[in-house]
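Just so it is clear, A, B and C label the chains in written order, and each chain counts residues from 1 on its own.
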Amino acid sequence: MAVTDVAPGMRADERMRRAGLLRRLLNRPELGAAGGVVIVWVIFAVIAGDRGFLGTSGTASYLEVASELGILAVPVSLLMIAGEFDLSIGSIVGASGMAIALLDVQYHWPLWAAILAAVAFSLLIGFLNGLVVVKTRLPSFIVTLASLFIFRGVTIAVTRRITGRTELGGIDISSVRVLFAGHVDAYSASILWWLGIAVLATWVLLRTRVGNWIFGSGGAAEAARNIGVPVNRVKIGLFMTTAFAGCLLAIIDLVKFASADVLRGTQLEFQAIIAVVIGGTLLTGGYGSAVGAVFGALIFGMVQQGIVITGVDADWFQVFLGGMLILAVLVNSYIRRKAAEARR
Amino acid sequence: MPARKRLFWPAMIIALVMVVAAGCGSSKKSTSSSSGAKKTGIRIAVVTHGQASDPFWSVVKNGVDQAAKDTGATVTYQAPGTFDMVAMSRLIDAAVASKPDGLVVSIPDANALGPSIKKAVAAGIPVVSINSGSDVFQSLGVLTHVGQTEFEAGLGGGERMGAAGVRNALCVNQEVGNAALDLRCKGFTQSIQKAGGKVKVLSVNLANPTDTKQRITNAIRADSSIDGVFTLGPTGASPALSALQAANLLSKIKLATFDLSPDVLQAISDGKMLFAIDQQQYLQGYLPIVFLSLYKQFGLMPGGGNAILTGPAFVTKDNAAQVIDLSKKGIR
Amino acid sequence: MTAPATNGDLPLLEVDGISKYFGTVIALQDISMGVRAGEVMCVLGDNGAGKSTLIKILSGVHQPDEGHYLIEGEKVRFASPRDALARGIATVYQDLAMIPLLSIWRNFFLGSEPTKGWGPLKRFDVGFAQQTSRDELWKMGIDVRDTAQPVGTLSGGERQSVAIARAVYFGAKVLILDEPTSALGVKQAGVVLRYIVQARARGLGVIFITHNPHHAYPVGDRFTLLNRGRSYGTFAKVELSREELVQMMAGGRELEELSHELDEFAQADADGASGAEAEALQRAAQELGDEAKGS
């Protein structure tokens, strides 16, 4: 590493090959997940192609599952890159949906007003989640696990207290149907929402200051704080974003099914984390990608619906789901190691 | 060493793919290795809200499997892991995408499942509903419903309990949000009230029997004038039995339930339980397969647009022994 | 040494009689030192001498319980490290504030990202960041082939230099380095020392904290020695030879006292004890004395 007076880049370095496009692609965290998508699709195309996997309704059905999970997974990936977990997002889905239903059906608010109120409500509880994590310095895993129960419990208790029931149906959603649950052919509007959120998240992560701060907060929070990154604000903002995503999903489901129920969204937080990890984001934070979460959600959707289309007995469903997920993560891991070795 | 390490990951991946493929293959074989009628090539998809691990629904599945053997049809059975309507609608969508010759569904929540069922009907797939949804199936384009109407069954149960002298009852609901179960309690309540009594609904978590037993115990202790406990399924009945036994109140409090299980049948036989309402769910699994096979072949469909009732049938001390025998075989 | 003049000969940073207590523990007692522009001040001391407490006070993590902290003659009190950074006091810790999985250019600009555009379209100026980080590193003498590579692929010495280059670029006036060579091999350490010299040549004041006098002596202009929370004083290079420095650091004075004690012991015992024992004691005392004198 001698000091030279030749301008950088002009000296030929015998250790370096030209950094082509392929090399730069290999370095990306979502490469493994992309490989996983291809492999899973090929597997199901082979064993269930004639059973409907390749047809319109099959494709639309797994895209729908992927898009709904993806709406949650993309913001969750940003939060996990920043080093935190949000286990309460499933309960937020349930709570937001129920809030809209109660305001509309029980108190006769116009639907738009109820939706806006639920959005404000979800942003508030996201803010609270973030505030508690940041101020108490407790692991977010624990804090949001607690809010998972609190929010779900409040949803159930308040709904039963007010209505005596646990689901409210028959909501008139005609005014917003196209926006949230419209269809082109068999393909649902939630796919557009999902892709839009993914594009926005990727842009924020890779092309703005805030994105750099997200990486910094996850990679080395104390050190980042010391050089001027507003780590607390970043984390609270991200908790508000995941809560908002939960609310958006609740709205979409409410409009799709014209109803809300207190148990909606159960276990979605774990599915979202699985999709994010499949997509190449580390559980330890500081590294990952939103595009990876898109691929992860896609794999999840293909596996979940593909298994049913294949005709596998329900008893084996969970075994295969787990097996396919491990397969996807292994492929991911293998490709990442190959890429790292090639780089060295 | 390096060579072996490099082979590790590819080997793992290949092994997993083989396991998955083998599993897929074997599951397909399990539905086709029948010693019954010749395969007709008719494919029927069954999607219910009850997991095959639930003792009630495993009887339904046995009915489905036996009907598949007897008619030569190929049947798949799917259910969501928890009581999750969104997941169930996805299963219906996936089943519809595989273009079956017939679809059998339960409809615990018409609002949530309506769109998916309508999609199936629009795709030209004949649909038969079972178990829940007796009040909505017609509006969704479903051809017929095979099950028990909940309100009337609850009514019948309440009448019997009222006749036995019950005036202050607990109605234990283990699957809050299931419209059918709500109707059962409502029917029950109406009968008891008609007899001059009152009813309180206690909700419990079907997945946690210990907690259920605790809640029932607490409820009984809180109100000592309770003289009847009515549960809506075996997942509520077993803990209730256990709770009453532990509190030594079986002589004072009359216990009855919907649906059967080995514990329930034994308790009736021993005189600890007054009766159980059998909706004969084996028929709910068996009949739709037969109906859809015949529909596919000849266009025949019974019911006349109305529901075909499989219950209520009452199991009491008198016929308990025979039912116990059949229950061991997974038929009742 | 043509250092740009800053208020004459006023130290860029100075602490005057500071002390720090943690409960009943005296971490630092009456420490005074400072650094001028274009000068390297080495702070030396063995483990437990109080170096890490001192560095935390200088960088703004702790506040002194007694004494004053002065920046260019003006009394200051930093509430947080960010305040110190804003005044041009840049601290490079051993853990470097580098995120191994992140690219070099992202790490370089973390917390101070350049932007272009405004409003909702305000974006991270990636092109500028990549080019500038490459240029700045080259100015420090590192030709990084590809600034998009993760920082973790660099060696320890290279990472230190990226951290130093970052601090220099962002306008640090005083650079505080916390044991930068302690985890490095000989050649790597040499590389880092060279960057320290370059930083000095650019007019910064450098406070170089270390427990290794062989690293400190070549680059230092002045030396402050700490021992158990107290200072032995500050010495200019002309006042001190390398051997004297090493001796002071090894606790030379105490060893000499101990050797005298043992000598006396040996004498007293020789009158009563066996000859062999006394001889052994005297030999030990002799050895200690020699070590104290640095032979």
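Please note the rule applied: contacts are C-beta pairs under 8 Å (C-beta built on N, C-alpha and C of every residue); 3 or more make two chains touch, one makes a residue touch a chain.
Note that the structure is predicted; figures quoted are calculated from it, not measured.
Engineer: Provide the labels of all chains in contact with chain A and in contact with chain B.
Structural biologist: Output, common partners of chain A and chain B: nil, no chain qualifies.
Engineer: Which two chains are joined by the greatest number of C-beta pairs in contact?
Structural biologist: If you count contacting C-beta pairs, the leading pair is A-B.
Engineer: Taking the mean of the CA coordinates per chain, how far is chain A from chain B in Å?
Structural biologist: That gives a centre separation of 34 Å.
Engineer: Can you give the whole-Å distance between the Cα centres of chain A and chain C?
Structural biologist: 45
Engineer: Just curious, how far off is chain C from chain B if you go by their C-alpha centres, in Å?
Structural biologist: Centre separation, chain B to chain C: 74 Å.
Engineer: Could you please specify the touching residues of chain C with respect to chain A in the complex?
Structural biologist: 81-82, 85, 91, 93, 95-102, 106, 109-113, 115, 122-124, 126, 134-135, 138, 141-143, 145-146, 148-149, 153, 158, 191
Engineer: Using the touch definition up top, name the residues of chain B that touch chain A in the complex.
Structural biologist: Listed in rising order, the residues of chain B that touch chain A are 9-10, 12-13, 16-17, 19-21, 23-24, 27-28, 30-31, 51-52, 76-79, 81-86, 89-91, 93-99, 109-112, 114-115, 123, 176-177, 182, 203.
Engineer: So in the complex, which bits of chain A are touching chain C?
Structural biologist: On the chain A side, the touching residues are 1-4, 7-9, 11, 13, 15-16, 19, 24, 27, 203, 206-209, 211-213, 215-216, 219-220, 223-229, 282, 286-287, 343-344.
Engineer: Quick one: in the complex, what on chain A touches chain B?
Structural biologist: Answer in residue numbers: 43, 47-48, 51-53, 55, 57-58, 60-62, 64-65, 68, 160, 165-167, 169-170, 253, 256-259, 261-264, 266-267, 304-305, 308-320, 323-324, 326-327, 330-331, 333-334, 337.
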